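Two complexes follow with chain A in common, the first pairing it with chain B and the second with chain C.
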Partner chain A sequence: MKKYVPSVILFITFLLIWDLAIRSFNISPFILPSPKAVFEIFADQHQELLDATLQSALIAVAGFVLSILIGTIISLLMSQSKIIELSIYPYAIFLQAVPIVAIAPVFILWFGAGTKSMILISMIISLFPIVTNVSTGLRSIEKDVMEMMWLYKASRWQILWKVRFPSAVPNFVIGAKTSAGLAVVGAIVGEYFTGLSGESRGLAFLIQSNQQNANYPFLFATSISAALLGFIIFSVVSTLGEWIIKKGHFERKVS
Partner chain B sequence: MIKISLLLVTILCLVSCSPQKSSPLEGTQKLEKIRLKLNWFPEAEHGGYFHGVVSGMYKEAGLDVEIVSGGPGNPVETEVAVERFEFGIANADKILAVRENKLPIIGLFAPYQKSPRCLLAHKESGINSWDDIVKTKQLIVNDTKPYYAYLLKQYPSLKGIQTIKYSQATFMANKESIMQGYVNSEPIIMKQKGIEVKVLPVHDIGFNPYASVLITSEAMLKNNPELVAKMVEVTRHAWLAYLADPQAANHEILKRNPELGNSLSESMHILKDYMQADNFGEMTDQRWLILAEQLQKLGIIKDASLVKSAYTTEFIKNNLK
Partner chain C sequence: MQINLNQISKYFDANKAILKDLSLSIFEGEVLGLIGPSGCGKSTLLRILAGLEVATHGDLEIPCEINQQTSFVFQDPALFEWRTVAANVGLPLELKGIKNSIIEHCVEVELERVGLLDAAHKYPSELSGGMRMRCSLARALVTNPKLLLLDEPFAALDEMTRDQLNQDLLNIQSKNKMTILFVTHNLFEATYMSQRVLVMQSNPGKIAADIPVSLPEPRCLDLRLTGEFQDSLKLVQAALREVDK
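Right, the complex of A and B next:
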């Protein structure tokens, strides 16, 4: 319990400064709404906020899981042959540099507007941390270990299973933690480009409509909800990752 | 010592006197600096303002007007409300929607008497009338806008149709899609690209907010009503002059937004019909009230009576045609 004290104190101080700043500098509520106004939105509109957050959460989690699967497969392929690695890796880096807002419209063109595209956009933005971290883990094997495996004539499969996999687990966890936050960004960007017609609306819809109608307390509350969603996904992944590392006695290395 | 003081006096004199002597405006009134924020990139929709600038009409009236481009996501109403800009441009439905959230802005006059908002369908899609639109597979619209809510109310089956962010490329690629637009913009662009479209104006189904309304903040109206009056008056004259001869202003608009190409002059001709009024820019209580009641029914505003403080006809009393 004690470890939460500093962050809670900081949070309360932050709220106080926020409120004080508005009062003392006479800041327009249309530039910065008061904490009270934002809390009131959380109280009054919690159902709408929760629905939107869950909607975006579904997309983010789906995108995240996909990125783990695909990212791991790509890394495995690259670990199996230097030629594959040398041919794929530069493009992976290149693709990573394309801004997600440039990729999103293209994906919608290819895969159609809707949940599918949103998930894929979320997947692509969270893919690269997995690829770079996991392939680092798969490759960075100590020389002695490798030599020993060769000495015992271990098969490629045995090396992968007994040496490379365990070596990559801690790196995998690091990559997954980075991707967890990015998946939420990707989900919201995806939603932003394909509004979900009428009925089901994610966080992007709330961000857009509240910005348009100048409902700034609601806009702030939506942003906080998005941040909370990212935080929750990150925490779950982080806790799970730590547990796996501890349980399996995986060795942590610097990537 | 005396020499130094003399020198200082000379310098001071030079510094303080010389700008006045070289100023060509000596003896005339001081120009009032005004910044106008557009709701979009410069286009025919803003012709009157550009005419006011390039013809010198604003300057003659003592107004130094700077026109600042807008674009997607620019919060024009808020920027005017917090007085970053003296004036801005917004549609009537938007004015009411932000007033619902207490944004202190006021509509002053409305060049567009009919809303130019429309939907475009591909000719070959077989969508020829409003009743056909339920056949579409994709709506390329901004689904956070009030007109979209109105559309869903009129055609409930559209609820199941996917909406997607505005993109002309997507519309061109998907023959079964429907895209939002302005009658004097997208239909012309599509025609130039060789795509035959059917245009469905949204005012045909009863949603007809005044468009491109000139707005100012409540504070501005209270502190400087003379300036507001002058701005409205000169702008209305500038608009009429623009509609009579758009050349000079169009030249400036094209310079600021070259992408318009040769669609601009055609666009301008459509405007005349949409701006037709007994008194140029007029706004009636009845029209505003109808809109407010529509928005109330759609749940965008809670109480239609907020419309009373959303506009003023104070500055458009004298008849202009």
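Right, the complex of A and C next:
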């Protein structure tokens, strides 16, 4: 618990400075609402905020899970065949470089302004950290180990199951941590593009409607909820990942 | 049954021979130490015997029975961190599709032999360097090899641990009578372990001296203090100085 003390103190100091700044410089609530106003929103509108956060969380989690499944399959194919790797990899890099906001409207055009599109957008943005990290993990096996497996006449499948997969676990966790944060970004960005007329009532909807209604304390509370959602999903994935590595002794050897 | 290498040459590029016209016979049950300056092709010779490299020229005659029962110990223990000691040692049998109950039995026998039985359920990260090497050795021995090839296996260990492992390996060999060929940089180790020390020279790599070491068997560590050990050591050292000029 002790290690959290400094960060908690910083947070309280931050709130105090925020409050003090508004009072002493007479800042308009249209530019910066007071912490109190934001807290009141959290207290009064918690149901609406929670519903929106859960809605976005579901989309992010669905996108994340899909990116893990698809990303692992792509990495697996690339690790098994040089030709597949050479044909897929350039596109993986290319797609990674394409800004998500540029392809989001295309997905909405194809799959409609609904949950399906948002999940796909979330998946596409969180896919590449999985692909790059997992394929690196599957490929980078020490020379000694590969020679040993060759001497034991291990089959390709045996090498995959008994060497490549376990070796790639730490890389998988690194990829999943990056991917988890991006999945939340994707879920919110995706919802933005469906607009206020869309069927979704997630965080992006709430942000947009509060912006239009000039309800800035609510806007702030929604933004903070989005940040918390990202943080929570990242923390869960990170903790789970570290636990798997520790429990299964998958850590890469230091010696 | 013996292994014969006739006029073996190995080129990694057309101009530079790592090994040149190397001939050697290895007899069953022999312990051979391979010593020489860095880059003289000691490891390459070992790797050719293991089948990890193919000679560019020359014949390699290995009886089929030996070829199928060869084990290789790398300098790095190359253990799987996510497997227990027992599961690491059982790996070669597991890959052959042998039944679990048989594997368990073989692993237990092997761990007993290298003194790792108490650590059977530990993970490599919990082991010392010496214990990791023992584990690697047990994995190599679990298939009951007829030929055991070791590439500077104990080089990274402290001297006490190295001595102990040398002794353990000799004890195992005196019971199993497998053929052992090991690469080392250590004169004492080469002389103490071997019935023959092969001194190699570099550029191009070939065997410069083949020195029989006739010391009383079974050997134990106190032997190193005797005059006859010193005499053998001097012979090996002189041969090594000759090639290092």
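Operating definition for what follows: the second predicted complex is superposed on the first by the 246 of 255 C-alpha atoms of A that agree within 3 Å, B and C clash if a C-alpha of one lies under 4 Å from a C-alpha of the other, contacts with A are read in each partner's own complex, and residues count from 1 in each chain.
Heads up, the rule we're going with is that a residue touches a chain if its C-beta (ideal position, glycine included) is under 8 Å from a C-beta of that chain, and two chains touch if they have at least 3 such contacts.
These numbers were taken from a predicted model, which means no experiment stands behind them.
**Student:** Answer with clash or fit: chain B and chain C placed together on chain A by superposition.
**Tutor:** On the shared chain A, the partners fit.
**Student:** Once chain A of both complexes is superposed, is A:140 in touch with chain B (first), chain C (second), both, or neither?
**Tutor:** A:140: touches no partner chain.
**Student:** For A:80, select first, second, both or neither according to whether it touches chain B, chain C, the two together, or no partner.
**Tutor:** neither
**Student:** Between chain B (first) and chain C (second), which does A:178 come into contact with in this model arrangement: first, second, both, or neither?
**Tutor:** neither
**Student:** Give one of first, second, both or neither to describe whether A:150 is in contact with chain B, with chain C, with both, or with none.
**Tutor:** Second partner only.
**Student:** For A:223, select first, second, both or neither according to whether it touches chain B, chain C, the two together, or no partner.
**Tutor:** neither
**Student:** For A:163, is the partner it touches chain B (first), chain C (second), both, or none of the two (neither)?
**Tutor:** Touch partner of A:163: chain C, not chain B.
**Student:** Touching A:250 in the superposition: chain B (first), chain C (second), both, neither?
**Tutor:** second
**Student:** Chain B to chain C: minimum CA distance in the overlay, Å?
**Tutor:** After superposing on chain A, chain B and chain C come no closer than 50 Å at C-alpha.
**Student:** Spell out the part of chain B that touches chain A in their complex, as residue ranges.
**Tutor:** Interface residues on chain B, with respect to chain A: 73, 75, 77-78, 81-82, 94, 97-98, 100-103, 138-139, 142-145, 152, 158-165, 167, 169-170, 173, 300.
**Student:** Mind pulling up the chain A residues that touch chain C in the complex?
**Tutor:** Residue positions touching the partner: 142, 144-145, 147-154, 158, 162-163, 166, 169, 248-253, 255.
**Student:** Chain B touches which residues of chain A in the complex?
**Tutor:** Of all residues in chain A, those touching chain B are 28-31, 105, 108-109, 112-114, 192-199, 205, 208-209, 211-216.
**Student:** For the complex, which residues does chain C have touching chain A?
**Tutor:** Per the touch definition, chain C meets chain A at residues 50-52, 70-72, 74, 76, 78, 80-83, 91-92, 94-96, 123-125, 129.
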